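Below is one structure, written out as structure tokens; comments come after it.
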């Protein structure tokens, strides 16, 4: 089992004719993902590496029975692409695009909250269910099928942890990069709920970072509602307040909310051990299993 | 991007929010002239893009030209939180009976903007928020509806703003929301919004942060960002397109991906060192980008050692290694030890390719960081 | 029993300090309506005929435990007043104001659809439950307590029918003026559902008119879901296409939708007899009871 | 309020929608000059605010100045659906390969605007809607989000618009939505939107209705409404603030409340008469308003009898009766019989007060209407 995506997912790639879209569509297809269509306005009727392109997402979904979208559309046009995907409708929309204006995302978030579609991202590496399908830009090679769910606000930090997990024989059910922006679709609680409901996920790794209060909310959820054990990691302990650390969402506010200390304390309060190093997180997962 | 106070006030004034008369000047003599022009008492205010200028000595009240000269003398050229003051705003002081706080910011959790009103203006609002959260009324705004007049009124009346100025204050709140909406602001506030004895409201300070990701559609605001002040290294990193933050330590850090770079900083601290910077080199690792990143890090005199931490992902480790080798040969002399750790796809091949005459190679993140910390402490 | 309003309703009047608001508040209070507050920005702390005024609807609702609002605010400010009332939140909002721009009402309608509040109107005479409470500008004298529910898009036509009902000894449970605008809150189907669920309403009179397709939808509802008998009247049989007959919503389109014929046919199809004159409608109600 | 074609085209052109070159003229000679200026073939189009001008002979295509003169001669001064043509638009004919239909209107049932696109433009779109509803793609727009680019694209691609012009057509649709939104339009359409051989789109016709209730915030559009054409009686009624519609019959009708007045019309028809007008006098019934209403109805030469039907409501019947008496004494002569029926609060007192030298009083709506129909038929 897995969450969000599996070998049956039928995927449309929005922005398939762009450089990134084309490259990663190939990578996804090579990994085994069932990419059934592309969607690019004005490019309907063309093909990219044999994948048919449609002018609209609704047209692609209807013709190819797609249920999932991956979005590689540039930031200025991304909100429109996301609204289109949410309206199609689809089951899952994964937004890879980095740099979408916050107000555009506020509109998209509002729309997403009115639909049953799972929106993942933006500014995220994607979602992968090892040996079944990957959506996005994650390097498929480092993942292995197994029992550990992973949810993370960061890309390469995820890879770092996954690499350790896999090399110690701890495969993954699904790994979800929820993205580093201030406003994102699926948040920690949403992903944890899905993992909790997945009988094959026997432990979860949650990689948080400074900024916002999603980790604190996740800690409350873990403490009150979760049986599946969770090990945590929080990046940004040494970040100064008021500075954006790469991710638009990774910022400790001037008033001191969004600190690593607060998040670590909340998780440990909820009996979710937090590793001081990525290796320690994997140690905790080994303890669970 | 944070606007200067004088830039934000210009934006506010254009939108119809009353601001005090003021002049922006860069010399002591101009400051005295400006004070004469706006009248006394006047405030001489450092124009740097940081909060808490008052407490740090960046704002002085003056009552005549000599005092204005003295204040400008003191403030111009001073360093506030690491930034040099190049200009001061000389502004007519407002004779007020009340100080309010009004602002609009993004409520990340709710995914929507929130307007805030408080009668406790003129003080550190974040302290008020922490100690007396009920003293600040928060009104969430549905971004697709936009802020309705009743929402502004509700916030203002519930905050207990005097009825005589409530309508004007509500109008300022809606104007701020309009700027938030039209100008892609992420944070916008007036603290204090002064109330005068004859029931007028005046924005005595102005804070406005604009979404960096939206500058492509805010050409006028983007222009004012170009005349950037502050840290030269941050400016250089910005030019190269790196996410860079300068810190106080001596271990320079280069990596790819925000979370992994933050983790590298945290590990430097964990192993007893002190990070000198955050530098996210982004995707791939072509020789030119590697060279640029090292140039920025080496330019920081405090740096005693550099840890270079790349997780390969889609870009394979051998390609990354070739990029690093090529970049390092571009330097006549490598000023500090560089520890490299490669991970991910083809990491082993990559580490074999790395030129160990130029860099130290470590197999794990932990060992790489420990080695760099050792170098910085003078151990080799 | 009754629908929407009764003697326990606690009413706030928006626009209570205006000429119309003041006059009709007196009329409502004289009828026995429990008017507990007024709401007018900047007038908080004042009183109108002993009724306390608040600056905001939320403030009035909190202080006086109001659950119902009647809105007499001029058209240019009415949408804001309605949004405020919907947000308070209240159980029932009755908008008397005539001449609210359609786009403003589209926004209000969108908001109302996200709440559980019943919005009645705008451009309507109000709602009355005889001998208990009246909201709006209906003349209380002509109504009498009884078994007949009444729902109408028109004001004086309602009075005409009610006058006949009352003079023939047929009292009313509740009469609802839903208003003559193209976009209204509670429509025929909403009101019919409420009457159907009210055990005391033994027959319903529905006064429709040309324009739109609400009567046709109501006919479907009557035919498929209603046990309570309904007698109908449709005004505007002689109206030419393309002309607005007084009400903004009373217009037969150029393409011939919204005609009286279509509405009459739909109702009769649904076994709801339609009177050719107001008196005939009352005859039909007599037949039912 | 319906704009003239030339007014709507000006609005469209200002918003960036391509329209043909054209000139508005009021004389035959100007029409010929205008045709010479815009080139041939040219269209001479009657400017009256009704649909179906083409079928009714209000549009002619001309190929030289003589034809232009002849067409203008014929069209200027003609009556189209009761309205006299005072001006014609002389417009360059567009050489097209395709005719599309695009429009935005209010979907009453859904309470939201709906955009419509069809490749079946250039014909009566309402006939297409009735016979082949699938040939018109309808895309509902959430008014608080506003029309998103993808919604316009979706409608255009699903309608089967050629990919070569799809982007431009989508852009026209979004522009129409923008006008709908900014200008308080209730209905706005281009039929046909012509596609030329070199893949350009041109609005060959333009329809725009503006919400009467929103004219208070559309001062420019309200101004163009003032230069109203058409029926003098409708103009006079409008001046007095009455809702008035002129019809073909001989029984004049005055009443209060749209539904009751419509019902009175219907009853006139039901009892074998023919209504001459709809006139809603509104709330209350002060002498001046009553006199104004009767003035409008009497000014219609077709009227042979008047039925005056007031339901008292909050305004009591005795007050209404006094108003009617006072109003009627203002006329030197009452040109046709007037039948009055009062109902509601204090109706009986009111009917006793009425001056039966001037009016006929009836106790019920049915009898009042019957009596007026009898009068109109010459029976007394």
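The first chain written gets the first letter, and so on, giving A, B, C and D; residue counts start at 1 in each chain.
One rule holds for everything that comes next: a residue touches a chain if its C-beta (ideal position, glycine included) is under 8 Å from a C-beta of that chain, and two chains touch if they have at least 3 such contacts.
What you are looking at is a predicted structure, and each value in this text was computed from that prediction instead of being measured.
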| item | value |
| --- | --- |
| Rounded Å distance, subunit A centre to subunit D centre (Cα mean) | 55 |
| Subunit C and subunit D, separation of their C-alpha mean positions in angstrom | 27 |
| Subunit A and subunit C, separation of their C-alpha mean positions in angstrom | 49 |
| Subunit C: positions in contact with at least two other chains | 107, 110 |
| Subunit B residues counted as touching two or more neighbouring chains | 142, 144-145 |
| Chain-level touch network, classified as line, ring, star, complete or other | other |
| Interchain contacts, given as pairs of chains that touch | A-B, A-D, B-C, B-D, C-D |
| Residue numbers on subunit B that touch subunit A, as the complex places them | 51, 106, 108-109, 111-113, 126, 129-130, 142-144, 181, 184, 186, 211-214, 216-217, 243, 245, 247, 255-263, 265-270, 275, 278, 280, 311-314, 343-345, 364-366 |
| Residue ranges of subunit D touching subunit B (in the complex, touch as defined) | 142, 144-145 |
| Residues of subunit C defined as touching subunit B within the complex | 41-42, 44-45, 55-59, 77, 80-81, 83-84, 87, 107, 110-111 |
| Sites on subunit B touched by subunit C in the complex | 145, 148-151, 153-154, 157-158, 163, 166-167 |
| Contact footprint of subunit B on subunit A as seen in their complex | 24, 27, 75-76, 99-103, 105-107, 109-110, 113, 137-139, 141-142, 152-160, 163, 180, 182-183, 207, 209-214, 217, 233, 235-240, 242-250, 253-256, 260, 276-279 |
